[in-house]
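Both of the next two complexes hold chain A, though its partner changes from chain B to chain C.
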Partner chain A sequence: MSEAARTPFVESLREAAAAAALPGRGIGWLDAARCENLDAFLAAGLPDTRNEAWKYTALRALAQRPFALGDAQAASRPVEAAALALAGIDGPALVFVNGAFRADLSRLDDLPAGLSLEPLSQVLAGEPEPLRFALARLYRDGGEAFARLNAALAGDGAVLRVAAGAKIAQPVRLLIVGAPAEGELAWHARHVVELGEGAELELIEQHLATGEQRHLGTQVSDFVLREGAQLRHVLLQRAAAGATLVRRSGYRLEARAQATLHALELGGALVRHDLAAELAGDGARFVTRGVFMPTGRQHIDTQLAIRHQALGTASESIWRGVADQRGRGVFRGAIVVAPGADGSDASLSNKNLLLSGQAEIDTKPELEIYADEVKAAHGATVGQLDERALFYLRSRGLPQTQARALLTAAFCRAVFDDLPDAALREHLDTLLIGQLPS
Partner chain B sequence: MLKIENLHARVEGKDILKGLSLTVKPGEVHAIMGPNGAGKSTLGNVLSGREGYEVTAGSVSFEGVDLLALEPEERAAAGLFLAFQYPVEIPGVNNTYFLRAALNAQRKARGEKELDSMQFLKLVREKLKIMQISDELLHRAVNEGFSGGEKKRNEIFQMAVLEPKLAILDETDSGLDIDALKQVAEGVNALRSPERSFLVVTHYQRLLDYIVPDYVHVLAGGRIVESGDKSLALKLEEHGYAWIAERHPEFAGQALVGERA
Partner chain C sequence: MSSERSDVSATLRDNAEVAEALGRRYEAGFVTDIETTSLPPGLSEDIIRQLSAIKQEPEWMTAWRLAAYRHWLTMPQPDWAKLRLSPIDYQAISYYAAPKAGPKSLDEVDPKLLETYDKLGVPLHERAKLAGVAVDAVFDSVSVGTTFRKELAEAGVIFCSMSEAIREHGELVQKYLGSVVPAGDNFFAALNSAVFSDGSFVFVPKGVRCPMELSTYFRINAMNTGQFERTLIVCEDDAYVSYLEGCTAPMRDENQLHAAVVELVCLERAQIKYSTVQNWYPGDENGVGGIYNFVTKRGDCRGADSKISWTQVETGSAITWKYPSCVLRGDRSVGEFYSVALTHHRQQADTGTKMIHIGRDTRSKIVSKGISAGRGQNSYRGLVKVEKGADNARNYTQCDSLLIGKQCGAHTFPYMEVKNPGAIVEHEATTSKISDDQLFYCRARGIGEEDAVSMIVDGFCKQVFKELPMEFAVEAKKLLEVSLEGAVG
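Presenting the complex of A and B:
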């Protein structure tokens, strides 16, 4: 074991792991995978900025902080139903508080035909075998420290399956809630989503907080879309201002499958999201639209990696970053068009706005093409608000802050224009404006 | 209403206005003419408080208050309006939403009650009679994809809604064909009143056939070099700006240039 790995962070999790009583104990392949991932994590610890994937996100301060594993009182933490409500949307919902499943807050009755929605803990107690492929994975890259940790320590999460051909009309909601507890704790959530052939689903994933806390949350989500399946994934991240949140979302798209992600990253102190998509089948299509808005001293890092592996696959990504005060944004968009993925189409645009002299955004588009007849376009910019537009608005009477907010919201808004649900679009707009000084 | 005294202003280290004085009383229409580059837009920008336009000497009082001490939005709330020579396109900001926000911000600053959306719509309908704008343009993003003429009409429409005390129209005639010019002039004339004053900035005399000014001034070399009634505009039309250069040999060699009007 390297000395570097012996940090308060690693040591606290070593102790926590030894004491943990995780669901699914005794399932041989799961025990083995948890054990191996834990060992890998303990041996290597957290990556430093020499690791390319963590170049702009330093974990030094995090490494000095110990965390308790889980929240013994998670089942009884008060959460107001109103805090979870989303206007105009009430359908199936799965709620986790500090990593623990909350049946009392979830809505799992009357599920539409073809939809199966269960907490992972329950699946592990019943028929875990279908999850083996996802849960038995070993994370071999040192940059995947949090995925290792998650694999070793996650006890719950959502298991969502849509049967072949089922088109689920109502959006399904996944709510990940952080609640204040006695100390700073770490929770880990593991989600598995599978859409059968031709299935259709809209999933709204929300990260919320019921109060201020400095917890660490890790989350790993796997999305598998079988042939012709269609997923609309909406992600609203409003973690507590002090929270550390590290997520990895992997999408695997088979032939003619289509996934669309709309992401709004607003909360958290240290936030990271690795988005990895594999366009594995011919004609698969992956669309992402996102906005990240670090302010105060927030650090929000999005790493998008798309791999075109089959004929005629398409990806289209539009991201906007807005950093205010001492906020720091990081965006990496890496697209690989692998050999054989001929006739693919990949585009990526990331435009960023700095609202203060102390804000910073690092953006890095990368494009590697190894196939023929590929259409690819990508670009990234970092700029400031248009002074002429600002003056125009102010000259008509809008106060400076309001004019800036209006222009900033406009800069971001175009990203969500193609969201078909008007109520949801309006909600995103309200959240976005709420993030701006007024 | 407006009293400009010995105004000096600098842009990017370059002195543009060099001792400009002008007094405008309520209800008056003053035309300001001058060759390209004379500083006409600079004057409008300085009066409305644009950043980067540094006043190095002189004073401007507007209804008794020191205009130069106010932020641009405070000047707007005080009743100043600038119709831009080049109205700015603002993608993502809805034209009508913006106008209501601007009006309400002004009203709030003046301690007046804000208008709800019904009251605002009623006001818009009324003002459309003064300056016709298509529904489609009203609901588009501010000036986005508007033709040159549509942009100018939108400026006048906004002026009608905001009801300023002093409006500066910066080359509102440029880029308009004769029909559009007439419509814009009609809109402006409909807004003339004993309490409202106008500074009509133009390069050409043509606009002044339709918006008849009380006074005409020639701005050259950063100062008002000639003042008179509307006949001055005709004289300028006839002789061109070279005539100014002849009458003011102190400008010899300077960039007030004798471009013909």
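Presenting the complex of A and C:
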């Protein structure tokens, strides 16, 4: 083991892991995968900025912080149901507080036909075999330290399945709540979502906090969309101001499957989201729309990687970043068109606004093209608000700050225009405006 | 209609002429049979001392080389570029090779050498006067002659080989050498600093507009040698120079190493225009042989209102690793980068630029055109960095890739780091291919397929070619045509 890996962060988790009693213990393949991933994590520790995937996100400060594993009192942490409500949206919900499933807050009764929604801990106690492919995975790359950690220590999460042909009308909500505890703790959530052939689902994933804390949360989600399935995924991230949140969402789209992601990243101190989509079947289509708004001393890093592997696949990504105060926004949008993926159509746009002299934006749109019958384009900009537009608004009597807020909101809002759910769109709007300097 | 079109392209592909053209050989691939002296292969402090002694260098230069060498020993070879290459054995390379009879002046240059440059179309003698371009010719490790010295001296411009500059203009060299690319900058720059054998030195004093284009022609001839040249161009206040660089090598089955360093210094209101047509031997269609080209080029806009413009046409080399950069330190300074990079057969290129905005109101523009054919892999890698103090910095980047064939790859890796809210940075990239529609259109109007492709490629590269001095633009266009022959798919 390298000396560099022996940090307070790694050591605290080494001790915690040794004492942990995770759900699913005794399942041979799961124990083996947890053990191997843990060993890999302990040996390599956290990546440094020489690792290309972490070039703009330094983990030095995190490496010096010890964490307790999980929250023994998670079941009794007070959470107001009202805080979890989303106006105009009603339906099945799965709630996790500090990484642990909360039956009292979740809504799992009257699930529509074709939908199965269970916490991972229950599935592991019942029939874990179907999850073997997802959970037995080994993360071999040094940049995947958090995925290793998650695979080694995750005890709960959502297991969501939609039967072939089932079209779920009501959106399903997944709520990840951080609650203050006695110390700083690390929780790990593992979600598995599978949509059968021709199935349809809208999933709203929310990250919330009931109070100030500096927990570390890791989350790994796998989405598998069988032939012709359609997923609408909405992600609202409002973690606690001191929280560290590292997520990885993998999407696999089979023939003619379609996934759309709308993401709004507002909270957290150190936030990272790795999004990896594999367009594995002919005619698959992946659309992402996102806004990240680091302010204060926030660091928000989004890493989007889309791989076109089949004929006639399409991807379209539009992301906006707004960095204020000492905030730092990092974006990477990588598109790979594999050999033979003819007819691929890929486009990516990332526009950013810098609102302060201390803010920073680092963006890296990438194209890797190995087929010639393709259309691929990307664009990225970093700039500021249009002086003429500002002047126009001010000449009509709007104060400077209000004019700026209005233009900034408009800059971001364009991204969510195509969200079909009006109530949700309005909610995103309110959150967005709330984040702007008033 | 569409089936008709694909029929047309199918016949085109089978065209016997195309197949024949594909077999066309690298035209500069001959070897000049000339007696050379060279150091034995291998690299050590002794070799560096010997090299320095052969070149009759002052003490400080030897010490500088040794320091660079010691630093190099501690560095790993970088592997972040998107390149696949066989390991380089640095002990198998001879770090110095020179024609035996050292010339005193151009009139004494071995006629065989002059013949070589004649074959390559480089004017070294009488023809030079007609061409009106001053040339410094570097053969393997040494400069064999510099033309138009008298005329340049009258204008106050110093244009000579680096070895001569170290001996005769030691102070100037000592002042600027390594000030843009420090000896330990990167693995290949450190290696170059330790073993560089020659190169060109240009000094344009205050207020002088260099009366003619300056040019260096690099030629690798000897076997098992590497070429490590070092070029330093200094433009004092209000000075201007346009500098051209060309290169070729014989065809060989082994991979020869070329690791050069180019440093440009621009003081107040000075301008440097640096153009390169790189045509090192690219290896054969199976990827055997060819030059490994690892080059560090950097310009420093030290003074306010200065300008550095890089233009490159990269058609040769098996491996190209090259990122001509501009450090925009002076207020209102301008950096430009225009590039055409072509990879055919099994060539690989990872090239681009860095624009570092430090001063206020600095501007940069990047236009990169990548063409991939055969099994070529072509990557653009660029960095635009705006530091905190660079108010009103402006960058525009355009990266276009053209794919010709099913097995090639075109990649774009732009990095944008912005720390100033007054900056505007824009990047755009597209990937396309020569479509059957375009070809069909040209063919229907009686234009042969080869010509049609060359027309389309020429149009694709136009923005870059128009930045080249005229003679070079013609050469670059021809070079591209030859390099692309047989690439149609």
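The rule is short, and it goes like this: the second predicted complex is superposed on the first by the 438 of 438 C-alpha atoms of A that agree within 3 Å, B and C clash if a C-alpha of one lies under 4 Å from a C-alpha of the other, contacts with A are read in each partner's own complex, and residues count from 1 in each chain.
Please note the rule applied: a residue touches a chain if its C-beta (ideal position, glycine included) is under 8 Å from a C-beta of that chain, and two chains touch if they have at least 3 such contacts.
The structure displayed is predicted, hence computed values, not measured ones.
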item	value
Partner chain(s) touched by A:388 [first = chain B, second = chain C, both, neither]	first
Chain A: partner with more touched residues, chain B or chain C	C
Chain B versus chain C as contact partner of A:140, first or second or both or neither	neither
Chain B and chain C footprints on chain A, overlapping residues	none
Interfacial residue positions of chain A with respect to chain C in the complex	52, 56, 339, 352, 354-357, 359-384
Touching residues on chain C, where the partner in the complex is chain A	80, 386, 388, 401, 403-433, 489
Complex contacts: residues of chain A adjacent to chain B	386-389, 391-400, 402-403, 406-407, 409-411, 413-414
Residues of chain B defined as touching chain A within the complex	48-51, 71-73, 75-77, 81-82, 84, 87-88, 90-93, 98-99, 101-103, 105-106, 109, 141-142, 158, 162
